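Each chain gets a letter, A, B and C, in the order it is written, and its residues are counted from 1.
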Amino acid sequence: MTELARIIEALLFLSPDPVAVKDLAEVTACDEDEVAEAVAELDQRYAPGEHGLQLKRVAGGLTLATDPIAESAARRLLAKPRTPPLTPAQAETLSIVAYLQPVSRPEITRIRGVSADSATATLIERGLIEESGRSQFGAILYRTTPLFLQLFGLESLKALPDVSAWDPTPEEQAALRDRLLRAGEVRAGGGDDGGEGAPAGATGVLSAVDGGGESS
Amino acid sequence: MTELARIIEALLFLSPDPVAVKDLAEVTACDEDEVAEAVAELDQRYAPGEHGLQLKRVAGGLTLATDPIAESAARRLLAKPRTPPLTPAQAETLSIVAYLQPVSRPEITRIRGVSADSATATLIERGLIEESGRSQFGAILYRTTPLFLQLFGLESLKALPDVSAWDPTPEEQAALRDRLLRAGEVRAGGGDDGGEGAPAGATGVLSAVDGGGESS
Amino acid sequence: MNVAAILDLDLEVFTGPFDLLLTLVLRDEVDLMEVQLAEVVITYLDHLESKGELDLEVATEFLVLIAALLELKSRLMLPREDEDLLDLEPQEAAEELLARMLDAQRYRRAAEHLTTRLEGEEGVRYRQAPLPPFLRESRLEEAVAVYKPARLGKAMGELLRLPPEVSTSHMTTQRVTVGERLAHLKSLLRRGATTFDEAVKGADRVTVAVTLWALLEMYKSGQADWQQDECFGEIRIAAVEAGGAFARAAS
């Protein structure tokens, strides 16, 4: 294969959209006739049955596309929810949404003590959580999706495991949100990035928790 | 080309990540030997110089990538550099994570002798490293990502040379030890009266006080 | 000429005159931890070499500045999780340090290898195109349970756990207030004149320092007077009754 044909093949491979012959000529610093010649060479290489890819002319340009023979295997490989293992940050964020929904991002951040932005974005992208209106303060609220239930093998949200199994101090389920927020404040106060005044804040919260929570 | 090879080619074209032979076998309903045979066929097709694409084994799987001959045209077409080079700090941090993973930021700092915070942040942003749980002290641990393997053309972490390949030679070690001991002696020699620094400081304060007292 | 103003630095985290770096470090706008002070020293040595002469005054100024930065940085670098180095015998500490330096060298070379490797992959591009439409719709009924619900319960339980209190055991736990030392000084002075040594007998350094503050406070408010005849000499302290304790003429 000529070098120009190889370069054009690589460009069509990379580009998500069809590329016009004019553009191919421009970026390869060749004239359009030369490009047309190289494309003819590619046409030959990609003759039906030769490859799993096809060279197609669409929307005023050239593009590579897969041969339909690969369709069902492609569906099995790619048309399924992406379910890589959850990172600790994602698991934390997802559990907060699952147990407290609907819940806003600032609340998630407060509970975790660190920002939940990228974890939230990933969970949305994977279809595990979705937006669910706005809080009275205008913050977007999140809830889990049916896909979430499916991927966790849960019949409904009621089937979520009882937290007390992992909780050193099981208390009323109703107090979950409050207790999480308190724990989150302590965490944020003592955190790595706790800037100015962090020690004082942490102490304050700690003594407040000591005074209130422990005695009850 | 056999149908299986064509299907596999199409799958590699579509998949955003490298695909393991095991997964190829699963979605094509073939056994791994058959897949290996088809891959060998593809290898032949994509022999160097034959195409603008190459078949690569990275990050535990197979993937298609462009041949570097297309790079300058690709840069013009897509208007973005492939991947900016690493700064020395980023490269050092990355090598520590690659070899010692999972590893915490304090550990990286300890080895480098300077903070690794901004290098770590950049590596995370570029998707080369990611969080991987917490150490027993609560520090975030980091590991490399599949993208790291892909961009560095590594099939797996095992493809990294043994770190002992860079062990300083006995001569270098001896030289380093010498320098260190000399520095230590200087410090010990000057350190004796260093502890008595307090009275000198006190004198300073006192004379300042004296001065103030006189004028009042 | 001010060395800080004329020394131009070109560091990884900062480019510009040395005095600007100092300002930025003091304002916390540049993280001292990320400044390679050795580079600053090398720049200074280059500067010296290019000038061909050693101005002692400038050199002194530079030494003072760089020493201050070094001390500040070494304090910042004191490891929080492993203070083991401090408890080691000098010989052991040297060995530990050597091991760390060897480690650093090893990974610096590994970094060079990685950099070369990345350069070798220059020009290799992977496709980053969205999936075609027929693959984008993932059907709910095809989703199978891959995650364990227990993962969520565990994450929640961990969030409920209050984080351990930050350990301050490495700091001097003894707390002494100016008020306490004031009371102490006053009680001594009630029995008559005393000396600073007497006031801080058997006390640790922090207490000595705080006692000095207390004494300054008493001096300022005119409750006590003090006197030292020579450097390192005894500091005599006396209460100031109406009219003053020491006959000023005596000093």
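Rule of thumb we're sticking to: a contact is a pair of C-beta atoms (placed from the backbone, for glycine too) under 8 Å apart; a residue touches a chain by one contact, two chains touch by 3 or more.
Nothing here was measured: the structure is a model prediction, and the numbers come from that model.
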{"item": "Longest centre-to-centre distance from chain A, chain (CA-based)", "value": "C"}
{"item": "Central chain (distance from its CA mean to the mean of all protein CA atoms)", "value": "B"}
{"item": "CA centroid of chain A to CA centroid of chain B, Å", "value": "23"}
{"item": "Distance from chain C to chain B - Cα centre to Cα centre, in angstrom", "value": "28"}
{"item": "Interchain centroid distance [CA atoms averaged], chain A/chain C, Å", "value": "39"}
{"item": "In chain A, residues with contacts to at least two other chains", "value": "10, 13-15, 66, 74, 78, 88"}
{"item": "Residues within chain C bordering two or more other chains", "value": "125, 127-128, 131-132, 135, 163"}
{"item": "Parts of chain B lying in touch with chain C, wherever the complex brings them together", "value": "13-14, 16, 54, 56, 63-71, 74, 82-83, 85-89, 91-92, 94-96, 98-99, 106, 109-115, 117-118, 137-139, 150-154, 161, 163, 166-168, 172-173, 176-177, 180-181, 184, 188, 198-199, 202-203, 205-206, 209-210, 213"}
{"item": "Touching residues (chain side chain C, partner chain A) in the complex", "value": "125, 127-132, 134-140, 142-163, 165-166"}
{"item": "Interface residues, chain C side, partner chain B - complex", "value": "12-13, 31, 33-36, 77, 79-82, 90, 94, 97-98, 100-115, 117-128, 131-132, 135, 163, 205, 208, 212, 216, 219, 225-226, 228, 231-232, 235"}
{"item": "Complex interface listing, chain A residues touching chain B", "value": "1, 3, 5-11, 13-15, 19, 23, 26-28, 49-53, 64, 66-67, 69-70, 73-74, 76-78, 87-89"}
